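As written, the chain order gives the labels A, B, C, D, E and F, with residue 1 at the start of each chain.
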């Protein structure tokens, strides 16, 4: 696959290594990368161009098996592009222009989605609320910042989020925005839960029954919130929906390297120790009070309906890059 | 307080800094330190000796506010010693000898307690069981090792236990013993809970209603075990009982330094970030199936009865070192 | 606002003071008042007429912040009227006639809705059932009366419903209809819950996630019903849906005067006593088995779908009277 | 009713006596019988033919009051046929041909539905899974067989399913297919539940709120699965939906003969003994994780939406055979 | 029964009519009345005196069937007196003196019990806590006042407690003591529960399994507290134990006059209305975190053990006044 | 083992084959058999006699591994006999007489225990109650009969209790006593649970944490009762306590022959079918409201305390027949 420019491969690497983090940012980064790689295509063979775009898409899709937003972003672009192609658009130049336009369109929708979610979510936060968030979700942070900007006095517990400590980034972002932030270890979530009014997290993927796939530990926090009658809210763009789950497919939970948890040297010393590092877990719909989307606030079981309502049709089982 | 020898102050420091870890080890270390510091007492004034012992005890008690085993060990020794003294034993030599004897007696009881708990606890583990343990409890590890030594094929999930990673020590101990061990981050407990047959943890203190104070995160794991109908067992010597709770006192949860979680430099950069580091949490009795003690296996609400049954009387509100 | 006739202001007062009670009755009274106030408009300036209607609507909307049926009724009428106006209908006479027609249309729909709900709800009641109802919901009473009229032998527990004792009105209505009725204090709901087969209540508003806002105490009864596996049913016209909640807005819970609970004289004697009098509470969807609407019987999470299915579109964020 | 041929009455009897078992098979058998009885109609009076078909349908509908698939199959056929008739098709020959075609169409849809469900459901089964099924559902068996055929190593607990021991048939079918099967009494379901990864059952009918009517004992198993966080899945064609429940009607639970449980002789000896033999029970939606349909995998509360989404309209209250 | 002096009958009436309220006050009032009525006995026949005391006791016992403290107080006194009598004490003068002494002894124990409970209970209340109490329990109020006197900043929600509004008395008592108090209707308990840290109530009787009989509505509040992980504490002297429950007897729930709820005139108008007015309900042990007694803080299931531990023996089935 | 008379071996066989059923009957039958076999001992060697008794006891103990009452009965007798022997009683004649006396004593205690339990348990049953019982427990039946004899109008659901249909025996016994009885399949328990006021069952063994081992299916019924807030009561003599569980031993669940479920011929036809037939399951203490014993009514966690309270000491780990 040496045929792609270094800039493109850098993005691929950046997503793989989690240097680029957050479902929305990943989706936009991938779509932007596809746009740029397509834009710099220099051949004149239409079929070759289409192939090139499909290959690039496949590479991007392979970086993070659980990040649904990424393939959904690519589906958005490719479905349109391939329709145009099948309807007879046959110059590389024209297709390249359209590719750029569709990619920009998706990036805009994605950016505006975050704003809308911030508006809707901030309305659920009341003056004096104590919140908790886990990991580093840009949409969840957006909701919190917006509530703060509206003059609400709030306080936010942030879990450090092992193994990669993304919670520290969240604490940094909130603190820099002026929000009073308390950093705790993940295990302390239940200890403080009775003082917490609302939990708000992001999502990596949402399944057909409204279950939410998010950073490992989310389901434990949701369970503790449910136990304490603390409201548990998920902020998620509608493109977090995993269409495969409608056809029974299980969302693959990415298993990441043990080196995020212990050093190679340490592990080598202990032949009977194995390290397991699932990056995500699944929060069942009964522990989720609301999902805040750019189209409105819904209960988890209603989430897939929203997709159908607004997009008119369910994604097909056949992927556009196949 | 410069009057105590360096060896004694080393133990005090070792307990404070968590170099000496595990409730049973702490209790034995403290009692051994009291024995040694008393044994090396060179004065001949009886009242001075008693005072010296009380002062040393106070220093030890102050090291770890939540570690009930430590004051219970000292109560065991001092109650006997002070009774002797009040009954007329009045030579420093004789009292010194008795102190040594009582200290050794407690240390033996404590060591045997761990063995008994291992025997009783191992009976609850069946061939093929998948276990989970949290933090680094010597009694819980004892139960697991014993079950393994009895030829049962077992597999143990161990949580790394932030912020101090004591779970790594547990993994090392089990691995060295030959037990198949899987290390995970604390947040992954619910992800694997459905595959786990039994959870076994230690205890730092047990309250009058059977609630268990243990390493932060324990109550989250217990909650997840309860949700999945996974048996949750606590291995604890009866001297883990907190007599104060009988009189309404709340068990003080030790708040440890933020530097266990983030660096001073990092924190200084963010004026709106606070770090909270509670060392323990409280698992309510309804999430605990059994407490395995050296006197037998009981339900949590029966635990305080056991104390009364066997020790004849409840500890008084007045402490012997006061 | 002295510009409106006394009859109109009487209705405004009647709704504010809770002389006019019950969500359906309030909606119909408000729409009828709008019809009458519009019908008696004597000016000839179209813009003035529209303004007059908007002002009257605002006054009506302001009477009861939680009563969603009232603004939904006005939305029904105004959306049509303003569409006509924007499409060019520009004589006061014609607009006045249309206003009257649209108002009557809503009143009819509302009345028929109650009948349909009675038919559907009565089918869920079986011979020999013991029911419980809270407060004074005309639709819930309609269901019970219909079941009785169908010859089913039933018995109904009615809570007195502090602070305003609307339960007594319910008891009077059922008793006068021949239904065997048992009046209890609100606190006795759990005491009798094990003997009760079905709970049926009305709703003041229904949120986007299927949560039901109803008279204070409803959520306690729902909780007790859930605990005892007693079916909990809500009878509600679809116009009880609160469209704002789709956009994240919280339903404002009306806080009513302390004088409904204690006298001014008593309260003045006690400087450290505050009285809180929220008129409603929120029953979460997981405690509600069914919502019986005029369009059919649905689960709470399906309720907002029903709106979309049948009305074609979600209400917009911009109100017609703004 | 002596007017129908013996072959037809044999099918009627076969369904009534439970010789023909399984909701899908019943529906197909009934539709096939209707086809054959219609096809052999020899008169030339169109109204007579229509009447004949309606009468035959009524007889078939009356065989099993809880089996929704049967009337749904007939609704599928009759709605089309009666539309044709009302649109002016008026020769017996033509109507007969269309009847045959519509019946075959339904039979094909039903057969393919089972295949689709097998594909979707098998994706939810993972290598190494231990399953449990109750009674004898052809769709549930289809899912299991498909997962086995895909090379997944699975093991299936099968309850014997009193009183008629249909679980033995399931065990026979799975065993003959090569699947490792463990037969247990119904009462042993909770004993083994902690070792079971997923429960999969069929459905006789699904109500408007997503509740599932299935063989007596299903709801107990669902409750035990919920208690143990074991996934509970229902495999059901969309035509298992009971449209009546949308209008408040309760699904009638068939009460079958006591002789399925004890002998007449035994019962005659004991005047104070009554035998109750309900054939089905109702599993509430909160105990069901997923419903696997031929259109996709949904949460129970979404099930009725699916019907509306795909069939465009809800069934009317008036039955085509009335 | 005209043989008893007016002062005695006044106390009997005062307890019956609930002018004398609160389990502790009732017990002390009854025992004081027995002391006074015995002290004023003027005959010289010993058997007559004993009979007179038994008759007086029976009258007192009959006033409030659920108030266990009252018979327990009388048992305390009579068991001692009758033992003396059976051991040969046979002068009226001597028995009279002993009666007075035993009665005073009980009254002192009861008063001191309240103080101890206040001390133990106040330790469970933390600075900043928001509390809720129901009805008018002098021990619960004692705990709250003590916590306030210790300088803790607290706020207390008080339910008005229909039908007799005893909550107003509680609010008056707390307010007069300087405690910030919020009065609400009983139905608002769940509305505020998420903001409440601890619920504390008294008890009228405690059963053998730790279930607590208290003012109607208590079990609903306990249920709501359990749902929200809010601590639920009962303050109760050990003599609230109902010994009969050990032998299977159910605690009789007093049914009080309908006139506490509605007027006679109102009720007469409605032939089909019945009013039910149970004075108490039963809170199951699983909703109670702690019982605070004068002997210490225990879990509910341990309560009967405490009795046995300290009193040495269980009360017999035969009552001393029989 | 041909050394024991045929009458003795008949009892051994009778217990093994479940011809002799019911924990109390088994215990009495075993003790009576020991008495008779000892009484007919004709040798004169004391050590031989003791050995003979131990051997006979071992045979009896081996018949039913889960039936705790049986070894408890033998422990009662042997502990006394062996104490006598160790204290010097050394004639076969004298020991034989004492054996007979101790055996009769146990049999009497056991018989009276059932009566006491009937008295205490009947008090928990109220006029109009609808009960449910599972399997064929003589103590549970005793409670029901007693309540009926006291004139209470009751109705009893009885599960048939697969695989051996012991529920039919219960139905026969209740019906013959005049009690209105409804026989259902085990799977119908949840279907009727909402109409049932109280469940009462017996116990085969009770563990140290109050868990109850009883006929397979009991825990499912307890779960369904818990779900519906239906009271779940266990009637059990104190000698049902399993002392081994105090020392961590798991109660062995007897696995009985597959032929109780299917025929050998049928099973031989299906190579991939296995049949599992556990005779008992374990009901956790949280689903049990009360245990009714001959010493009183207690909560499950209090059960082991009762043993210690009354018998003074816990059974030792070493069995008397070893």
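What we mean here is this: a contact is a pair of C-beta atoms (placed from the backbone, for glycine too) under 8 Å apart; a residue touches a chain by one contact, two chains touch by 3 or more.
Model, not experiment: these values are computed from the prediction.
Q: Which chain pair shares more contacting C-beta pairs: C-E, or A-C?
A: Pair with the higher count of C-beta contacts: C-E.
Q: CA centre of chain A versus CA centre of chain D: separation in Å?
A: 40
Q: Can you give the whole-Å distance between the Cα centres of chain C and chain F?
A: 58
Q: Whole-Å distance, chain A centre to chain B centre, using C-alpha means?
A: The answer is 42 Å.
Q: List, in ascending order, every residue of chain C touching at least 2 other chains.
A: 227, 286, 301-302, 305
Q: What chain-chain pairs meet the touch criterion?
A: Pairs satisfying the touch definition: A-B, A-C, A-D, A-E, B-D, B-E, B-F, C-D, C-E, C-F, D-F, E-F.
Q: So in the complex, the part of chain A that touches chain D is made up of which residues?
A: Residues in contact with chain D: 208-210, 245-250, 284-286, 301-302, 304-305, 308, 314.
Q: Would you tell me which residues of chain A are touching chain B in their complex?
A: Against chain B, chain A makes touches at 160-163, 168, 171-172, 174-176, 178-192, 215-217, 219-220, 223-224, 227, 253, 261-262, 266, 270-278, 281.
Q: Along chain F, where are the residues that touch chain C in the complex?
A: Within the complex, chain F contacts chain C at residues 193-194, 197, 227-230.
Q: Which residues of chain A touch chain C in their complex?
A: Going by the criterion above, the answer is residues 119-124, 126, 286, 289-290, 292, 296-299, 301-302, 305, 309.
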